[in-house]
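Below you'll find a set of structures to go through.
Each of the next two complexes has subunit A plus one more chain, namely subunit B in the first and subunit C in the second.
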Partner chain A sequence: MFTFTSPNYEPFVWPFSIGMATLLIYITIKYIKWIYEFDKANRIKILKGLFSLGTLRSVKEIFLESLVHRKIYRENPMLGYMHMCFGLGWALLIIVGHLESSIYQASWANTPYYSIFFYYFLPAGAEYWGDEVFGFLMDLILLMILSGLFIAWGKRLYSRMVGMKKTTKQRPYDRLVKGVLWSIFPLRFLAESMQSAITGHGSFLTHSTGEFFASCLPVETLSYPLWWAYSLSLGIFFLLIPGSRYMHIPTEMVYIFLKNWGVKLDVKLGPNGELRGLSKFEVYSCSRCGICLNQCQLLTSLNNESIQPVYFLRKVREDVERGNEINNCLMCGRCEELCPVDIDLNALRMMQRQDHSVVTDETYSYIPSLSKTSPIKTGEEYSGCRKVAYFAGCMGHLTPRVIASMCNIFNKAGVEYHFIDEGGGICCGRPLRLSGNRAAADVLMQKNIERIVATGAEILVTSCPICYKSFKEEYELPIMVMHHTEYIDMLMHCGALNIRKGKERLVFHNPCELGRGCNIVEAPQRVLGAVGEIVATEFDGKASLCCGGSLANTVISPIERGRIAADALSRYTCSDPDCVVTACPLCKKNFAKVKQPVPIRDISEIVAERC
Partner chain B sequence: MVNFGFTISVTRAVEYDKNDKGCAEYVALRVPSSSACIGCGGCSATCTAGNLTEFNIRKIQMLMKRGENQLYKEQLHKCMLCGKCLTVCPRGVDTRGMILAMIEYMREK
Partner chain C sequence: MSDKKHIVVIGGGPAGCVAAERLSRLGFRVSIVEKECELGGNLNNWDRLFPDGKRASEMVTKLVNDVKMADVAVWTDVEPIEAKRVENGFTILLSDKSLLFADAVMLTTGFAPFNAIRKEEYGYGIYRNVTTSVELENMIQAHIVPDTVSRVGMVHCVGSRDEKCGNMYCSKVCCITAVKQAIELKQMLPNAEIFCFYMDMRMFGPGYEELYREAQERYGIKFVRGRVSEASEDSEGRVAIKVEDTLVGRPMRMKLDRLVLMVGMEPSAGTRSVAELLGVKTKVNGFIQGGDPHIAANQTNVPGVFVAGTATAPMNSTDTLNDACAAAFQVANYLNG
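Coming up: the complex of A and B.
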């Protein structure tokens, strides 16, 4: 039966209302300011995206990621459940609460505080459509949040319970805000229980505890102050959000919309070196959950607990000195792979690396141009219609066996090829780019493009994943670019290679730049499956480890690189394989520097042997 | 002066006391492993840039340690930072880090 009551009011609604209004005004102004900084192309994308499928996709993503926390579930179900309790639980509490109060009032337009404190305003004996179902649901949701809270408490005592070896060291301010957040739900539970003892509403949870409290406590006196406390905790939490990590709650949702509308990260910094546009949304979207911590090999192998994205982004937000954090990173992308908020962690760090290069006409002028006599073949020498060009890369030249194997494979498959850097080539420019020197990298890029295009080939095959990534992403070549694993896979697929399967047990180490960097995961698996027996490890595909040789890190010493390599190798070999296979000359070289329990070989070496 | 048809060579004494060792000190601080260098020249042998030009890391690090900064200053920007030298060094010297530290020092000066 529908009953209509006049709008209810109590002075205790004020802390909540003031807090919420202030927060809403604050974030609206802030977001408008950030969006105003977007360049024109991105602003147009927002306008176009508003009424596109992207908006629907965003709503779905917000539900799955911001509320259900699907990605964290994949990482650890218990941790996912904990985050879901807070995310989905709180959202349901608001939605179902609003629905219930709207049905009771027979109006959708009630004040926000009315639904939040609905059980206080609900008179004793009031009946409305679905009252028992709603009472049950609201109790169930509250119980869910409280169970999450218990896990959160447990996580503080023993983080391995939720699969985390390390958790974020939060600042005192964030711990305070967390304390306020954690007090909200128990206070609501107590207030509703006491109220239930007075008015008789509530269901299995609040009604039972209410009856219990009524038997031993003066519920009439305690109920009103508890509603005040509940409102105060909400209000204070809202007021504290802007300076805390909980800014991620509203920012993450806006970020998801912007991302789905196709807004691109602006990699150029502002005139004073400040972040602009989407990167601000990304920085504030970090919830400091600490999942990146356990991914970082600088932490697990070198015990460095200060440069991980969670701490780096905090320093970016606080705008404090962060030279070490910017440069001391392997850029392996393991953190980015598991980041539940999908923040472009590598790009955010890369864009802050300073470009020290001074480019003049003299820069790299010693590199022979194609017209001069040089160890590098000129355009005219590339006679005939060879379709394939091979680029071994700097690191490729350090592993002559890889080059010999590739030549062998080309010959066996009857492929005629141009060996671009046979007599020694030049660097692809990515190592320069990774150290921030983008302008100098562009000079090398132009020189390489000239060389590659002069071959007239249709496919460029490279042995080095570092070169591969830069050829693919930065060069904008008019021809197809393939890493040798992809190329071998293609040759096998079209029957050009006759492979004999062996009995060797192989573990594959997917190089960072190839697997996570360029999304090449299946090709090496197919190739390896054809030549031997693959031994699965927990570091397969995009979960692979970094060999420690990464040129992106300009801080750690070779000894520390060795420690990362040794750790990675021991983790790869714990299933006792016959051989660890990689597809990157740099990884091979770097592993070669430490004690190897089993041989380290390139995928091309094994294929060349068996075809 | 009487021309005997030959001259004696100019003294190539290294003026350790007069030279500016600021860069050497900066690099020693930033890249401690640089002190482990035995000057084997492995880095120069493998160097991508050295393959095409006079750029020679072994020589540069020697001049840097002597404080003869003017003699190699212009060479530094020839490096492509490809990292091959880092991989071949038998003494675990962060050669790439040394070049970066030298460039940094020269810029700040």
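Coming up: the complex of A and C.
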């Protein structure tokens, strides 16, 4: 057995030290194992990334997101403050505590427990550089954490206080670990207060409470057991972390580094359906904060509280049988947009969707090949070399008003264009891809690429954000791809369209695949601002709602889609606009399902009317 | 004022007229509230009825005469704007500020044809030669079908049995209307080719199946089982459609001089607003929810409020008139009970 005689040792440091060491060994082995499973390209990225700016960026991101919780602040300041109290507060407690103890000891190489239990070891009357400032700071930090704890308690009783209508239903084990976590800081506060009454250290908080306790309690007897309790709560918490949601604390930080070093998510599962590579880090990074719950329209419109990422990732992590939640998701990306940990929520769900496609030579034989006589013309066959190719898309063909408007706009701007799918085109493949059938999607993609390249055009304009996303992200086309909102914006910018501004009050519904999906937010705003008066809503830009028509969800019924559409429309129209404008044929079609309080039109229709 | 009990019938279409007339003959005081300037409802916008080709105007004349003979008070150009449940009845405030007291209320607010603009892929309101069955009926009545038309396509189930526009139900009358109108077109334009694109032919009424057979055998109308997926317009204004012939299993493309959309039934604006005024439950599809479908179909969740005709579900004129008679008896039972 070790026998310590040092004045800086007490047996109560053991629970903390054992817990800490066990956790460190556990996560180190686990992370090394996961990284070992990365493919070669990603491992090289880590090596290259280590000494790159990515490392600095990660430190900054860890500070802003893991400690300060900036994203949550944006969502709700009080909720952000609560998370900051725990994140930044605890980090500061460790850092400032270590600094203080190091200055006192005049050495940086303290045992970890020494700084944690520093006020116990600090003899009465000891003086060192900055002792009063440190005492004040440490009390301030502790007060901050305790205030966060109060909000957390309040949140349990009334979650709307922090802007959350729904909070995560945690499992008993996680509730137990949370109980242990919540006991840590009050115990430290009590131990330090009692200690302050004995040794006279501490500042405005612990010193005052210490004096108060001394007046009514036997602090000499209580202090020592409280230090034990504090150490035990820390040790138990560390030991319980691996099976709990608090694995997010260490994992999230590693994930931030990996992400900034350019490690890419492998979008396929392993041969036995297991998670691979970065996806494991992402799944374990979920803190189950429940912010995704309140974003989910399946919850707000359909009252479904089981498929949201917080529950889905828990099932993935624990590898329990998944039900229809794999397919019961609109993939609108509203949750992903606000996820404080920046987890690729859509991709993690997508990879669980199985590829059921059976592709034989016969499957797509009905699509005429380019080499044979076909209605599809190649670049040379078109009269002259036109720079623009227009692809309306399957959904575009269901909204002929959009096509007519686009043709009108091309003509007014004097643009000669190839209408690739005028007589009917091939699906871009995204609906297949969204349902998991990647192999079939790839066949369609190849056939489409041939046709697009054959036009010899320099710009491909599409009216459908679904096609747009797949052309842009999956096709790797040698030409520029634009959605018609971007293209109209460009035409306006270079003066090719003469727009008359109207007085109509317009609300813009940014389609999921366009705004959140492809980052197109400003172009539609500029175009709309030029044709009418924009009415701002809380759902502008990337905060837009899903129309309910999403191709990605194969579970909900048409009536449920209608309910989502009706709810979305009533939220868009509460400021009583003259028209709701969108830029996606599918949104327009899905809104047509329900009673429309105002007309729903495509942005191209309004522009065509006013140029 | 007599001590007869008073029934307010909201909606003066065929169901409202028949219900009012019957109730009056059963010894009640009856008022009809109609928002248009005349009685007759959707029949006023129709030429001939299936399966016998009776003129709708003839039918309206009979209904109106019966109402007149039965001493029913008719309020036209008004609609209810407020309704309150009071002891033993209802007070109904009309848009002309008159206030009616009713011991019972009969809702016969009917249907509105599906707005084909919502089915944008067929190009209604965009292409010159796409019309609805209602417009075609008016054209036939006015003899203004151009004789240059040589190929017509009729699309069944527009706005019915279509989850994409949120209407899951069958509107019942469109199949037989298509058969009737196709025959009428063929009679006017003997050389025209007429195609009906259907999901399945619902020939449930007496004489319907016979008429369908006649359309094929005598008039050579072609019935294609398949749904038109989309339509586009060529430079001459012809409508190009894409459709699958599901019996052959092949996709087809076809150019037409005219595309006729057989629009289904949706609850009328009046049906929706009156249901809201009186707190009457509606189904998911917006039609009024009747009581037990076998024995109390004309009752609603509000005691004293009854419903008849197409305010409760799509039905043809025969069924509408029968339903209104049945509803009249249910009201009488309620008031005498």
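Keep this in mind: the second predicted complex is superposed on the first by the 592 of 611 C-alpha atoms of A that agree within 3 Å, B and C clash if a C-alpha of one lies under 4 Å from a C-alpha of the other, contacts with A are read in each partner's own complex, and residues count from 1 in each chain.
Criterion: a residue touches a chain if its C-beta (ideal position, glycine included) is under 8 Å from a C-beta of that chain, and two chains touch if they have at least 3 such contacts.
Here the structure is a predicted model, which means the values were calculated and not measured.
Model built by superposing both complexes on subunit A: subunit B and subunit C clash.
Looking at the shared chain after the overlay, A:Gly424 reaches both subunit B and subunit C.
Contacts of A:Leu432 after superposition: subunit B is touched, whereas subunit C is not reached. Touching more residues of subunit A than its counterpart among subunit B and subunit C is B. Once the two complexes are overlaid on the shared chain, A:Leu398 sits against subunit B and subunit C alike. In the superposition on chain A, A:Lys589 makes contact with both subunit B and subunit C.
After overlaying the two complexes on the shared chain, residue contacts for A:Lys71 are found with neither subunit B nor subunit C.
When both complexes are overlaid on chain A, the residue A:Arg317 reaches neither subunit B nor subunit C. In the overlay built on the shared chain, the residue A:Gly562 is in contact with subunit B and with subunit C. Put simply, of the subunit B stretches 5-13, 23-31 or 41-49, the part that bumps into subunit C is 41-49.
Note: residues 366, 397-398, 424, 558-559, 562, 589 of subunit A belong to the subunit B contact set and to the subunit C contact set alike, using the contact criterion stated above.
Looking at the complex, you find that subunit B touches subunit A at residues 31-33, 46, 48-49, 51-53, 55, 77-78, 80-84, 86-89, 92-94, 96-97, 100, 103-104, 107. Here subunit C touches subunit A in the complex through residues 118-121, 123, 126-127, 163-166, 168, 230-233, 242, 251, 284, going by the rule given at the top. Chain contact summary for the complex, subunit A toward subunit C: residues 366, 397-401, 403-404, 422, 424, 558-559, 562, 588-589, 592-594.
Across the complex, subunit B is touched by residues 356-358, 363-364, 366-368, 375, 394-395, 397-398, 424-427, 429, 431-432, 435, 437, 440, 444, 549, 551, 554-555, 557-559, 562, 586, 589-590 of subunit A.
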